[in-house]
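Here's a structure for you.
Chain IDs A, B, C, D and E follow the sequence of writing; residue 1 opens each chain.
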Amino acid sequence: MLLTVNNMHVSYGAIKALQGISISVKGGDCIAIVGGNGAGKTTLLKIISGLLKPSEGSITFNNKNIVGMEPYNVAAEGIAHVPEGRRVFSALSVLDNLIMGSYLPSAKKDRSQSLEYMFSLFPKLEERQHQLAGTLSGGEQQMLAVARGLMLKPKLLMLDEPSSGLAPIIVEQMYEKLAEVHAQSSMTMIVVEQNVPVALSLADRGYVLENGSVMLSGNSNDLLNNPGVKEAYLGF
Amino acid sequence: MAEIVPQIIVSGLLIGGVYALVSVGLSLLFGVVDIVNFAHGEFLMLGMYTTYWIWVFSGVDPLITLIISIPVMFLTGALLMKYLFKRVIDASPLTQIFLTVGLQILLQNVALMAFSANYRTIQVVYNEIVWNIGGVTIQISRLIAFFIAILLSIILWLFLTRTDMGKAMKASQLDRETAKLMGINTDKIFMIAAGISAAITGAAGTAISTFFYVFPTVGVSFGLMAYITVILGGLGNLKGAFVGGLLIGVAEAFGVQYVGADSGLLLAFIIFIVLLTIKPQGLFSKGVA
Amino acid sequence: MSTPILSVKGLSKHFDGLKAVDNLSFDVFKGEILGVIGPNGSGKTTTFNCITGYYKSTAGEVLFDGKSITGRTPDFVAQQGIGRTFQVTRPFGDMTVWENVTTGAFLRTMHLMEAKKIAEQEVEFVGLADKINVVARSLSIIDQRRLEFARALATKPKLLLLDEVMAGLNAQEVDEALKLVHRVSAMGITLVVVEHVMKVITSISNRVLVLNFGAKLTEGKPADVMSTPSVIEAYLGKGFGDYVANC
Amino acid sequence: MKNVKTSRQEIKNTAGNAMILNPRNYLPILGLALALLVPLIVTNSYYLGLINLVILFGAAGIAWNIVGGYARQVSLGHSIFFGIGAYTTTLLQIKFNISPWIGMFFGGVFAVLIGILMGMSVFRMKGHYFAVFTIAYSYVMMLLFQKFRGLTGGAEGLSVPFNDGSLAMFQFSSKVPYYYIFLLALVLIILLVQRLGKSRIGYYWTAIGQDEQAAMAIGINIAMAKHLALGISAFLTAILGSFYAQYVYFIEPFSMFSTHMSVEIALVAIVGGLGTVMGPVVGAIVVKPIAELTNMFLGNVLPGANYALYGLILIVAIIVIPNGLIVPINRLYQKLINRLERSSDRN
Amino acid sequence: GSSDQGKSEDKSSGEKQQGSENKVDEVVVGVLYPTSGNLARLGGAAQDAVKLAAEDINAAGGIKSLGGAKIKLEITDPGSTPESTKSASERLIQTKKVSALTGDYSSSLSMVTSEIAERAKIPFVTASISDKLSSRGFKYFFQVSPKGSMFGETQVRFAKESLVDDMGVQPKAAIIFEDTTYGSSTAEGLKKTAEELGFDIVLNEPYQAGFTDATPLINKIKGSGATILFPVSYLTDAILIQKTTKLMGVDIITVGGGAGYLMPEFRDALGADADGVVSVASWNKDVNKPGIEDVATRYKEKYGEFLTEHSGEAYAATWVIAHGIEKAASTDPTAIRDAIAELIVEDGMAGGIMPGGNIEFDETGWNKNVHPVIIQWQDGEPKTIYPAQDATSEFRK
């Protein structure tokens, strides 16, 4: 296992956001995490990347305990977290945003290839490379955020709702690109999505969270055909 | 009276260069950490005292003391960040302002306790040298200070725009959490930024200590000019801070000559108010909507 | 059809040579729900910003209720009866939900008690009643969108511009949100809705406007628009057909 | 953060019959009654003078709070209005023998005019820009008052003419009348600001302070609201400035228009609690005596020690209670009210 | 008033039973010199001089008419604003039961303290110079120093006699003064006398005190074509003006306007260039009067720097209070006030060290015999050179 999260508990004051979640991800796998609003998906990713500290539970990554590490150290271990809501560096240019993605020495050495690759994945970014990121449209910012995450050349890429606010065609393209990256580099991925069909089409396995615990898990096809999932997340 | 104009411009530029360097330090701290440090003038004061005491005990040229005063001031700034500024990074600007006002009062009076209110000067030979070029007199010590200002500002500018760490500073300011996700140690970055801010301002203190005197409240007037300058240029905009410094220096010199000897600042401030009314986010802003 | 409540004529907005909105004209009719779609960066939000006065348009005219509101300030536009939400939410962070919405309600009344009453109703309407005394800053993004919706409704607008209020909702939640929009429409408020979630667009819009590169690509009934090849090519993507089939 | 009561509580509060029995009503009245007794208890005129200063700055902090706390426009130029009030009143008194009671309204109006002038340029700026801009304005004021000595007395300053004890001329040899006048002003300002805070404009100010873009979207005319805030604040501050002149007897531009003065005014609001009505009063009760106490005990020990300690206390206070002292005090007050309410319910 | 009488009786009865002789252990004198903020430099030095005076008074047997009562100083820092001065003054009066006050040296602060002392009926003896202070008809106010307007007058008279008449310098004067109470009151006297004595005033301007660069100002002076410069400046400006004039090669003779030109730092900053500089002073440590040298020497031994004009005056003011108490034989402020008003402190009496003969106050409370002197820096020391009766050294041209 590349990543093992065991019995994770988190609360924001009185609100219990995670109540004993356990997940595990094999190297090279892609898993999807789905669930309603407030189910705890974002919280889970923040815990893994070190932005939040759990009250209880353990995380091992690459056989190393990473609970309590600062996020920048977690990043250095090889985990990239593309946060919810884009969070591009608004007053930096598109190019500088990407450069920040390869700030770590491990990523820096391959910077020019990575850049080239990103521009081939997202030609729009090349076109706009000198524009301030804050003036990009919502969708353009989302592309930039994903590309910036990829620039880290992580072992594990975690994406929080990457399709949110994207035109359908871009969602499609984005997932094609992610599939391409996944296939080419066998990069391990965790995708959190509201767009369940799309996410499960990419992922090998999926977890359904509800109220801070895992309600259901299994491989993607099983989940797609699960009646409960169908009703709640696919709209039947 | 027109023949006096070149002299006015030169005098204005020379003092403006010093304002510029002090302002650049202030602008950096704002640009990276989003804190307007009202104790900034006191960094200048500390730099001047450091220089003065090294000079007193060793007799070396003040400019050589930069080797010591720069690291000392860097450390001062970094420690202040770690133990003080960091606690108010997320607070409202008001809270920050008043924390630094408290710091200003503290530093001034600690200096008063430690060094007394006496005015202290450093004697250097080149303070006595002037050049006369076509009727324009240039004091060498001021010229040296001016060049130090330009040199340090350029180095800083290159550092911020051309290096990863420089960009990481900007990124950390814009979104600390996300910067951390990129592997940027923002705590360290902020300490370095505050360190550089203090070091640069301390260096400005060293540069002017050859022709100015040191006393506990010496930072006040330079600090004031720095806030004006930095706002004029656009907060966090180094180029703006630099040009703003020169502009204010020249405006002040013209004010003394043509409005009245008590009106140099008055003119500089009025120009500041007019310019900022026209461009409310500073002369060099290219803000994000 | 009835009279247009909003007429956009030849609207353009350029940023340093970038034509974000380019000679765009369209009408919104009283009582309808107009869906607006278009690729990312096609100028939807910019169009909203020009109509509501946040941007000064480079060229063109905007008529609301027959009167020109071109170049007017956002507050004036709001006073005329155009409400809006923001794609990136903007609640009054330190105020509670109730206070946020009360502030909106003050546009139509001077009295605190009345404003609070209106606000209470709107908060209940969008389903935030249990969080009425919660400080806005600590709401989730979804709840912040609800809050903005309520705040805009409290100003009693005639026309409401919604910018991606349903992003990030799952299928079930979208259904609830749709019911809400329908009820608003039933109250006689005209709506312009920007969404990337096709289900929303197809199920609530009377008409759909499609933008591309800041200009109008096409306009028409949802079903017609969705099957227009240029829309599929520029916006929906070939996979859309599969997706629809899948669902 | 304000505490909005649920509507049921609201109804209960407005149910008129039990008005006086409600602790929410009788506690403030009790407080006021106690305040009226202060001169009977504090007979040393130095301490009463200190209390007067506390009241004066508490009131000025409330006036400042309209702009700085509600609308969140960080003004560090309120010494302008304070100074204009002081100067206008004093000059009218010296040159035309006009009573300060009348002169202070001229000062208020004059301050409003200056406020409007400032507002025209200043309101497009935010945060630190606004702050430094107001500092520059106050320096311009200071320099102008120094420069035009014929009109203003220049750097030499003005003495408030003293004619032993006359209510008509705002002159008393005892501190007690000053106390009651200042207290009355404070109470009036509290009532005014409390009303404003619960009105449309109060909500608008707070909204603007949070997010101007969003405020515009719900029809708030930002410029108008801010001008109103600055205007009211300037007027009140100028009135208090004229009190201040009567209090210190001597004014000169350097200290009257100094940033130091602006900071002192704003400081009481920040230490007490931004955007709250009673915060500045609490702030003044703490800040002013601390300055005096440090001076009293360290003023002759080592030069600078008194102010060094003062600076240190400021730093610690801001770090320990960043949201102002009013927050914990309010909590205690609420607890007290709840307990009293419960006990009265039982009866 | 009678209540005040009661106050002093309280004090004595607490310690000794009431005898025929007024006997108390100590008399409290409030001292208000600013030791923080931008007035701290001279305030601290003056405060030292007051302490020295009190020691001298007590060492000489204290107040004999009160049975050898000791002077007890209550020292506080009035800061640098009217508000803080008011608080400090009232604190001393209301909580320390002072019999008299001294201090301030800055005229703005004295404006405040004098108002409060007047209302509280406590004598206040100061060395502040503003003419305004003694023009308000105050009864409890005493000014030991020359008035501001006299400084300018002395500067110009000296320039006329020594420079214009003796040396044949053209009488073209530039007057520049800091925009403070001190600057403007001195400048008024300068202008008036210069006009009377036939000077051509080519420049007469206030300047912003505490500038960072004197070049623009010196440019202006250079452009005016003046031959004699009358600057009224505090230390920092004085240094920069002096230095910049020299560096820019402006050919002009400076007759300084006190304060800044007299401080040790002026010499330290300018080094050899200080020598020859002339300035007016309200007092100097070598004024030709008995007793001064002894005080100056002891002060220097104790505090490490020479006794400056403000400190010398502060020393004298403290003695004036002591003599007043002695004469009144009471700790009652009003009695002391009445005594000081009729006091004559002769040359040779301790503390009678002001230039111009006996210390003696007129009905406005001003020490009517006092006058300023002119000093010149010679071999690193300020030497009194004018007027002749006070001079200890010759003017070096």
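We take it that a contact is a pair of C-beta atoms (placed from the backbone, for glycine too) under 8 Å apart; a residue touches a chain by one contact, two chains touch by 3 or more.
Computed from a predicted model, the values in this text were never measured in an experiment.
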Practice item. Just tell me the minimum hop count from chain A to chain E, counting one hop per pair of touching chains. Key: 2
Check your understanding: Among the chains, which is located farthest from chain B on the basis of C-alpha centroids?
Key -> C
Revision key, fill the gap. When A-B and D-E are ranked by contacting C-beta pairs, first place goes to D-E
Review point. Approximately how many whole Å separate the CA-defined centres of chain B and chain E?
Key: 37
Point to revise | Cα-centroid distance, chain A relative to chain C, in whole angstrom | key: 29
Exercise for review: Using mean C-alpha positions as chain centres, tell me how far chain B is from chain C in Å, no decimals.
Suggested key: 47
Practice item. Measure off the straight-line distance from the CA centroid of chain B to the CA centroid of chain D, and report it in whole Å. Key: 33
Point to revise | Interface hub residues of chain D, defined as touching at least two other chains | key: 143, 146-147, 303-304, 306-307
Point to revise | chain B: positions in contact with at least two other chains | key: 109, 112, 116-117, 216, 260, 262-263, 265, 289
**Study point:** Multi-partner residues of chain A (at least 2 other chains)
**Key:** 135
Exercise for review: Provide the residue numbers of chain B that touch chain E in the complex, in ascending order.
Suggested key: 1, 4, 7-8, 11-12, 14-15, 18, 109, 112, 116-121, 123, 127-128, 130, 132, 137, 139, 142, 211-213, 215-217, 220-222, 225, 252-253, 256-257, 260-265
Point to revise | Complex interface listing, chain A residues touching chain B | key: 49-51, 70-72, 75-76, 80-81, 83, 87, 89-92, 96, 99-101, 103-104, 107-108, 132, 134-135, 148, 152
Revision key, fill the gap. In the complex, the residues of chain A that touch chain C are 34, 36-38, 84-85, 124, 135-140, 142-143, 161, 164-173, 194, 196-197, 231-236
Review point. What part of chain D is in contact with chain E in the complex they form?
Key: 44-47, 49-50, 53, 143, 146-147, 149, 154-157, 159, 162, 173, 247-252, 254-255, 258, 260, 291-292, 295-296, 299-300, 303-304, 306-307
Study note, to complete from the structure: As the complex stands, chain C meets chain D at residues 52-54, 73-76, 78-79, 83-84, 86, 90-96, 98-99, 102-104, 106-107, 110, 112, 115-116, 120, 132-133, 135, 148, 151-152, 154-155
